[in-house]
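Below you'll find a set of structures to go through.
What follows is a pair of complexes built around chain A, which joins chain B in one and chain C in the other.
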Partner chain A sequence: MPSTAETATDRILSHLSEIGAGRCTITEEAIVRERDPNMSQILLGLLVLHEDLAYARKLRDEAEAARLVTANERERLLEELEKALAARDQFLALASHELRTPLSTMTLLVDNFVEAVTVTESGKLAALITQHLPILKRQVERLGTLVLEMLDVSQITSGGLDLVPAPVDLTAIVREVVERFGLEIERRQVTVKMHADFPVVGMWDGARLDQVVTNLLSNALKFGAGRPVEISVRAEADRAVLIVRDCGIGIAPQIRSKIFGPFSGAVSTRHHAGLGLGLWIAHQIVRASGGSITADSRPDEGSTFTVELPR
Partner chain B sequence: MLRTRLRHSGVVLAFNCAKDVDRVQLANRPYGPDATQEERDAIADRVSVIGERLLLMHELTVQTPFSVSLIFDRLEALTKDWDRFAYVLDLTNATRPDAEVRAAIKSRIARINERVVFVAAVVGDNRLMRAMVRLVGYGLGIRNIRVCRSREEAISEARGALNC
Partner chain C sequence: MTRPLMVIEDDDDLREALAASLAMEGFEVSAFGDAREALRELECGLRPFLILLDLMMPNMSGWEFREAQEADPAIAPIPVVVITAAHTLGSDGHSLTGIEVLRKPFSVEALLEVVGRYR
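And then the complex of A and B:
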């Protein structure tokens, strides 16, 4: 027959063994029922010990989970940073190439002029000037466009666009842009159909809106594969809608979500010149104007860009 | 709730005359950050000055880290000018705090323990809380703690300890 002391020791050891295994069968009722006040105190102590251990385990698990989340988040941010750096490097390489191309042409033309001025007869010189000056002008314009795009990037990324809204007719802007692209349209032998018969007036920044239309039309011509391009402007109750549609090479589904991002030209730059910033800049201008821009496209069937602006 | 200001020994003491009457009726439920301002005030008002360097802390039935924080914030505010004090801890209606609440209490007691000269805990006939007070008091390093059956007994004990 075991003594009372041994029984109490056995009980305590049994509970300690359970607690060591993460369990506890001591209840508050059992503590209250216990006749021996010392044993009652010990049982409560064991119950509290079990609870404190469980709470410490819970805190440790939560800390571990939080550490994992932090580690994953850090990894994700690092990955994003690497992508951003890669995009920046790609952009710098592209910008450098784009800036060098017209500069090389211009250098060559200027060299020709210098040579002509020194050794060629005056009649020949006049012919050379007539032939080369338009090319020189185009290259200067191209350089100007590239520099302006880069300035836009700088302005947008350093704090956003500063728009100057005033009463503007979107239809008039579209007509002006199409007219400006006259030579380009002719050179590409593209038909541009306009559905813009009535003035659509709103409070917008005219110069920036011109840039949006320019970028969308420029893309439609560039990626339109020589097929017809349609531009329509219409007024709705509280907004203006501009649609630019081409029937060209379209945008692959996997890159459609990236086309409004910076430095993410949807098409290989080997085939199409430019910094690939036109849509991003257009998106930023439309968004800063309180509007939206969306794209619907299928490969080899063309793309439709819809701009909605509050009036 | 009536508030009376007494000028006592050059120290202005603010205490609640009707200490057990809460502005709002607090329910027997865990209170968290979703508590209304009235409920927060009522929880904090569970701590009051009942004499020179003597406080009453009437514990809620269900304690949470949130309620512990409110109660100890009030206690610290009331005792900020005292280098030593005692308090009566009324646990008559309190249930046993869980591990998380015990951890919160331990952390807050550590901040005031140096200045606490005596704690008189009122547990009535609650055997479990009697054992719990001894255990937690020991675990928290409260130097001088006494378990009492009634509030009157506890106040008397605390006053005696303060006068020693």
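And then the complex of A and C:
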């Protein structure tokens, strides 16, 4: 009957429309209950078609999601790479700048020596030597420190520090470092109070610990605004505690979390000499020694750095 | 009366080396480690024939010094030569257009050649 045929066609078209929209009201029960065997076959075919389409859609959605994840990951990696490249370029520019300043001083002084040796009488030459040689020595040390810091960066980034632990007295190291800074302390007219009265011995890499103390004291002098600096060493049950405290410009809260990172820019390199890597290197050394380093600071009140090392 | 040569450089050793090199050639040098102090001296009447100006300094940078100098008609005409190790001269919107630059490191010969042109 035409009306039945129309009804069957309408039903099929209705189901197809629903399947096209991702829905399906055909149930297995309805197929079993269907009296017309042809329609039963068609309904079964439509149900299979719906399930196949649903599966295909699922696969397509998963592929799309995977593509999106890959694209996002690629974008993230690209962003990280760009940041790393920018940090590298910034570091190279800073390193170049930092190397040029002592080179300028040395170039001028050597030129003066050459001029003095050629045309000046011996008395003036002797005066010049007395005046210029200490400066030349400081510049050589400064260049040496810069080169060592750059080598440390290379070593840390290419696989970490290779420490050589041996019995070491932290108190003795602190005393040596403070003594080494004697001229600098005098030049800056800063009082350095030392609370390190007893040996504090542990199994550490002495040269690297020296570097940690040097970096912390150097920063305390550099950012201490000429106010007193305190450095203390004490032994606790299973650890040694080193504290370096200054009353200087301090660290702004928003950059405090960055100060132990490399190329952090935590301190304006436009305003302060150095590669800005001292705290990062100190952190790497302390961490490789199984210890910790923390900073407590308030702007214009100063900073306190605490190093704890297992003994 | 001989007009001095002003040096503004925060690095103590470089400032001393510059001052010594220039003094050896007979220049009277007024050297400052802080641009603010140098600016105060200029505002108080110091009139150097040339200012050798570092850029990257604490307290007041070379760019900020230039801005302050240009804003004061009494000291704006004093010529400035920038001494820098920086790669780029622009910073924070400050421009140093038209300023002569002596890039670090430089020799005494190069220094004297530049200074001599302003004497």
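Operating definition for what follows: the second predicted complex is superposed on the first by the 287 of 311 C-alpha atoms of A that agree within 3 Å, B and C clash if a C-alpha of one lies under 4 Å from a C-alpha of the other, contacts with A are read in each partner's own complex, and residues count from 1 in each chain.
Everything that follows uses one rule, which is that a contact is a pair of C-beta atoms (placed from the backbone, for glycine too) under 8 Å apart; a residue touches a chain by one contact, two chains touch by 3 or more.
Keep in mind it's a predicted model, so treat the numbers as computed, not measured.
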Partner chain(s) touched by A:T105 [first = chain B, second = chain C, both, neither]: second
Which superposed partner A:E115 touches (first chain B, second chain C, both, neither): second
Touched partner set for A:R138, first chain B, second chain C, both or neither: second
Contacts of A:H97 with chain B and chain C, given as first, second, both or neither: second
Partner contacting more residues of chain A (chain B vs chain C): C
First (chain B), second (chain C), both or neither touched by A:E51: first
Which of chain B and chain C A:L161 touches, first, second, both or neither: neither
First, second, both or neither for A:A225, with chain B first and chain C second: neither
Touched partner set for A:S40, first chain B, second chain C, both or neither: first
Touching both chain B and chain C, residues of chain A: none
Parts of chain A lying in touch with chain C, wherever the complex brings them together: 93, 96-98, 100-109, 111-112, 115-116, 128, 131-132, 135, 138-139, 187, 269-273
Chain B-facing residues of chain A, complex: 28, 31-32, 37, 40-41, 44-45, 48, 51-52, 54-55
Residues of chain B that touch chain A when the two form their complex: 96, 98-100, 102-103, 127-128, 131-132, 134-136, 139
Of all residues in chain C, those that touch chain A in their complex: 11-14, 16-18, 20-21, 24, 56-58, 61, 83, 85-87, 91, 103-109, 111
